[in-house]
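Consider the two complexes below, in which chain A is the common component and chain B and chain C are the respective partners.
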Partner chain A sequence: MTLLASKAAPPVEQAAPARKTLARRLVPYGYLSPTIVLIVVLMVVPIVMVISYSFRDNVIVQENSVFAGFANYTKVLTDPDFLVAMKNTAIFITVSMVAHLVLGLAFAMMLNTQLLSGVTKAIFRIVYILPWLFTIAVIAVIWRLLLDPSGVINYVLHSLGLINQSVNWLGDPGMALWAVTFINIWSGYPFFMISLLAGLQGIPNDLYEAAAVDGTNWFQRFVHVTLPQLRPVIISMAVLDLIWTSQQFALIWMTTGGGPLNTTEMLSTYTYKQAFSEYEFSTASAAAVIVLLLTMVLAFFYVRQQRER
Partner chain B sequence: MIAVAIAIKTKRTFAKAGVITGLIIGGLFAGLPVLWMLSTSFKSNGEVFQNPPKLITQTFSLDAYTEILGNGTQLRYFLNSYIVAIAVTLLTLLVALLAGYAFSRFNFPFQKTINAVIVSVQAVPPITLVIPYFGLVVALGLYNTYPGLILTHMVFTLPYAIIMITAYLNTLPKELDESVKVDGGTGWTALWRILVPISVPGLIAVGVYTFMISWNEYLFALTLTRTDDMRTVPIGIQMLMGQHSYEWNQMMAMSILGSIPVLVLFLLFQKRFIGGLTAGAVKA
Partner chain C sequence: MAVRSTRLKRVIGAVTAATLVAFVAACGGGDSDDSSAGGDVTLEFAQWWGAELPAGELDKIVNDFTTQNPNIKIKLISAPYASTKQQLVTGAASKTLPDVVGLDGAWVNDFAKQGAIADMSKLMTDANYDSSQLASQIQLEGKTYMIPVVNFVYPLFVNKDLLTKAGVAKTPSTRTEFLDAAKKITATGSDVKGWALPLDTAVPNGIQNDVMSWLWASGGSMLADGKPALQTAAVKSTVEYVKSLNDAGVIAPGSLTMKEQDKVEKFTQGQVGMMIDSLAHVTLIKKNKPDLKFEIAAIPAEDSYTGKRGIPYASWGVGISNSTKHKAEAFKFVSYLMSQETNAKLATLANGFTGNKNAEPDFSNSDPLFKEAFEIYKQSTPANEFVGLPKSEDLMRSFDEQLQLVLTGKTSVDDALAKSQESWASVIG
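Then we have the complex of A and B:
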């Protein structure tokens, strides 16, 4: 009897907890609701919008847009300016990334030295982080000042006899891409450096001691201990850097505007010009979707790399 | 024995000299451009390109600064940047705290999926978003307003803030909030009475970074605002470049004034900030 009762009772008793659990199950979504709303409004809707724009004509500026199929994509992909922008972006991000890695690693290793006191290293660390603390607008004006034909860099190079006449670094078609890449290297290495420094500090000292006992020199320890230990950090930073640098707009826009003669045109400045200078929002959207797809390829490598770790 | 000791010592001295030389060269590379900006801000515009160039000018003057600070339009840029960046910071912290609490303290369906979406938001190129944002912000009547800028800046700040706050809350033992629940309190009280007060260091680090992102943002500020009374500092610096025919000293003074909030925040919270940032980058 008691057995039956206890058997019969549960459905009744469980009904209340079931409702309670449903409410309780919804609790985390309650906490997440502002985030979900924002992600939908700021991400999902805009991406759907830009994709639909890219298949239509006369969007935003005119009221009646028409379906255009892949016409915008064909237009963008056959535009010589777009192809130049692709090439420039590829050079810009690859050279920047390699230089960020080399400088970041060199500076991080110097800052990690056991030979100097903590205070000295702390002071140098602040100086080394400086470029990263300025907004791109500020970095752009600093370097426009320094690289001006009558600016201090030209003066120094001239005094050293390295150049005969002033170089218009940002205005010379043969120089401008290297000049903006250099500025980007200057402004971006600290993030690499900070992460690699943390990575270096995480390498157990025993590894170095064991290697020293084996009679290895400094370079061998660097190749066989430091680099393998830093490998995961280096790879993830490299991919992140490619993604971030490919999105660089402000620096180009405020130093060269993509010129002279498209020599510093990037995917970002090309897309911006299509939209906000030419008011060709449909073509701009097609370019923007292509940029998104290229970024997704890089992001895919990043995620795969993270999974492997 | 002594010879060996001396040899080791000499080797150490050489190594030390090498490292110091390297550090100084690197320091000049990093610091000289900044120093030159500072020096130029104290020059008169005529002296900016004097030949030979001087790092320390004889006619030290604060004219460039008084010019900027006495100009209503310029001051408005600063006010706008503060309003937007502070609003973005507070809203981001609030929304991210709630989300971080959900991720850290609950297990629920689609948790991984939602988390993956939030992480991937960080990779979406701003240039892809700016076109639909323009359409969206105009349609919502938010073009050239604070809310339009504040809302769109959160797409950059929110993912990072959620990831960092979730990681921070994960380090706090669950027994802390359980104790509140035993006393009859809810998760909500546990969050605000217990978790928030002890998370202050983490929240500060996230807040500083959020402020920095919003203060420095350029593309959305350029496209989603139009009039001088809505422009922010980065756009203001650019406007100075076109308007007057290159008042270099004023541009540098404005750049320095515009960098002060971020520099001060960084120097105050340096350790916490770098710690939080690298924890994210190394683990991420």
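Then we have the complex of A and C:
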């Protein structure tokens, strides 16, 4: 009977599984579609638009913009202000990352030590993590007040006899970049600290015991056990921090605005000024694409490192 | 069981697809008509005024309008100044500006050139509107694009206690008197300075309010026939004067990254004796430091100058989107804002001066300083040459950068003005 039936209606039998298979294949995409739509609308479309703007002239402000080739890129890459911004950004992100790492590791090790009681460590944990709880706007306001020529920092340094005259931390062209870098270090180290603390807590005690049995001192254990064990976390955090810090805009904008005399101009503030002050959306797009490419280089190392893990 | 689960999957798939279609439709549905059933019109009104007026006051003014015009509804979009600016810049670019927009004179040129805001001269003619009642109109090539609704002046604020302590009896009215008073105030204490000069480049309006105001006060101009004229004797003497104040050490430290709010804060705390600032800040200063004794005066002019003094001003302006389908209704709302009664009410609430010539703010319940400021305003000429210029913020910033070089001794006044002239000429030349 079954054999007969299958022989009697072969075309229907063949078409139905084909439809079924197609429908089955499409089901996963159905589930994925909300995410795909969101990624396309919120990421792909804007990125493609910015890239296309960067090759056109007078976009947005004029209705009929024309194709301009690499003119915007040439303009941006030969602009002395852009080169200054690039140099400042390189200093800002590198110093911030190194300081974040050193401070984060030092504090994480203090919080992981067995020399302190649980209560003491809990108190320090709260104190150390405080900067992370403030939003950038609050951090900018606090540090503007603290670093004001007649602010608390100058008062304390003056009282201690370390300075004779008030220092213009954010207003002095020679100081401003270091001042904003310091603020960024202060606001960002807790994230490193927490991640490294989690990493430290995951290192098996056996390794330290074995190293101790081998007669190593504290420093040798740090170099040969702690650092190798933390290596994946350190590399991931360092690369991520470089990417995040290179996008820091709000802190710079709210403390120095890129001044004085462009000494704190970053790629982010440069791009913003091109777009919203000069209304040069084409050059702003070109600058943004350059930043995107630079960031992608960092992202490439991050992804490769993650894959290795 | 297997059949049920397949069905379930199909149902989920269908629901997901339907949701997506709805989502995409919603995303693409931004161009829907503002009219609802029954011929009613809803106008969107984006501005920063609501954030600066006492809570709920703008709603009341708008409600009065909708009561008089039941077929027009107003949807207020209130945000702080900076957010409104960004929202309008992107709205102008994408031709999605709200129907009625609050405008700053500094934005008008760019928006008008983009074709984002409507020519209001035509709307006035169409509505038979009597424009002679308007105190001023911001025009471009003879067409009005913005009407100033409320004006705020920027007089000189003087801390009376510090002035008395410094042994200066008379409020300075000339540049020499000002320099002398600033020096004497600076000499009274280590943390006190004579004047504050905010030159932060993020928001470079210090060039307009605190630097060019000296030029305008002496009847000078930074433009000639609409083109930059920065290498004139008047501009040079202004920059040299600011430099002389800096050289004399009377300017509060940190001016290269100082923001407007820092200036106000330093004045409020008695750390600087004098500043040029918006009258709108009087309430804030009195609230933060009720016992601060201060007065306002016209900005000091050159010693030999006897003419009418220019006084910087900023406006809450209003414009109409070029892409709105309801221009006539939008203008009806604008003319309501400019009507004698409403305009006086708005100006009184905002502590500003009216955009309608016939309206007069009610000073009976406000600080006596406002009445005094109104007298100064009437005796002066409102001056702000940045209004209507293209990329005005960028012009201020490039001038700011050159001034910073002058103040840090990295360039001469002549070179700085030549560079500024060159960069301004590339924008408005």
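The working rule: the second predicted complex is superposed on the first by the 286 of 309 C-alpha atoms of A that agree within 3 Å, B and C clash if a C-alpha of one lies under 4 Å from a C-alpha of the other, contacts with A are read in each partner's own complex, and residues count from 1 in each chain.
In the analysis below, a residue touches a chain if its C-beta (ideal position, glycine included) is under 8 Å from a C-beta of that chain, and two chains touch if they have at least 3 such contacts.
No experiment lies behind these values; they were computed from the predicted model shown.
Participant: Quick one: classify A:138 as touching chain B (first), chain C (second), both or neither.
Facilitator: Only chain B; A:138 stays clear of chain C.
Participant: Quick check on the superposed pair: does A:166 touch chain B, chain C, both, or neither? Answer first, second, both or neither.
Facilitator: It touches chain C, and chain B stays clear.
Participant: Going by the contact rule set out at the top, does A:73 touch chain B (first), chain C (second), both, or neither?
Facilitator: It touches nothing on chain B or chain C.
Participant: Which partner does A:195 contact after superposing on A: first (chain B), second (chain C), both, neither?
Facilitator: So A:195 only meets chain B here.
Participant: Is A:262 in contact with chain B, with chain C, with both, or with neither (first, second, both, neither)?
Facilitator: second
Participant: For A:55, select first, second, both or neither according to whether it touches chain B, chain C, the two together, or no partner.
Facilitator: Touch status of A:55: no partner.
Participant: In the superposed arrangement, which partner chain does A:124 touch: chain B (first), chain C (second), both, or neither?
Facilitator: It touches chain B, and chain C stays clear.
Participant: Is A:276 touching anything from chain B or chain C once the two structures are fitted on A? First, second, both or neither.
Facilitator: Both partners, chain B and chain C.
Participant: Touching A:82, do we find chain B (first), chain C (second), both, or neither?
Facilitator: neither
Participant: Intersection of chain A residues contacting chain B with those contacting chain C?
Facilitator: Common interface on chain A, chain B vs chain C: 27, 31, 34, 41, 60, 144, 148, 150, 253-254, 276, 281.
Participant: Can you tell me which positions in chain B touch chain A when the two form their complex?
Facilitator: Residue list for chain B touching chain A: 12, 15-16, 19-20, 22-23, 26-27, 29-31, 33-34, 36-37, 40, 48-49, 51-53, 94-96, 98-99, 101-102, 106, 108, 111, 114, 117-118, 120-121, 123-136, 138, 151-152, 154-155, 158, 162, 187, 215-216, 218-219, 222-223, 233-235, 237-238, 241, 248, 251-252, 255, 258-259, 262-263, 266-267, 270, 274, 277-279, 281-282, 284.
Participant: Looking at the complex, which residues from chain A come into contact with chain B?
Facilitator: 25, 27-29, 31-32, 34-36, 38-39, 41-43, 45-47, 49-50, 53, 59-60, 103, 106-107, 110-111, 113, 115-116, 124, 126-131, 133-138, 140-146, 148, 150-152, 155, 159, 186, 190-191, 194-195, 197-199, 202, 233, 236-237, 240, 243, 246-247, 249-250, 253-254, 267-268, 271-272, 275-276, 281, 284-285, 288-289, 291-292, 295-296, 298-299, 302, 306
Participant: Spell out the part of chain C that touches chain A in their complex, as residue ranges.
Facilitator: Within the complex, chain C touches chain A at residues 9-10, 12-13, 16-17, 19-20, 23-24, 27, 86, 89, 93-94, 110, 113-115, 191, 199-203, 252-258, 262, 271, 391, 393-394, 397, 401, 404-405, 408, 410.
Participant: Report the residues of chain A in contact with chain C in the complex, numbered from low to high.
Facilitator: Touching chain C: residues 23, 26-27, 30-31, 33-34, 37, 41, 60-63, 144, 148-150, 166, 168, 170-173, 176, 253-262, 269, 273, 276-279, 281 of chain A.
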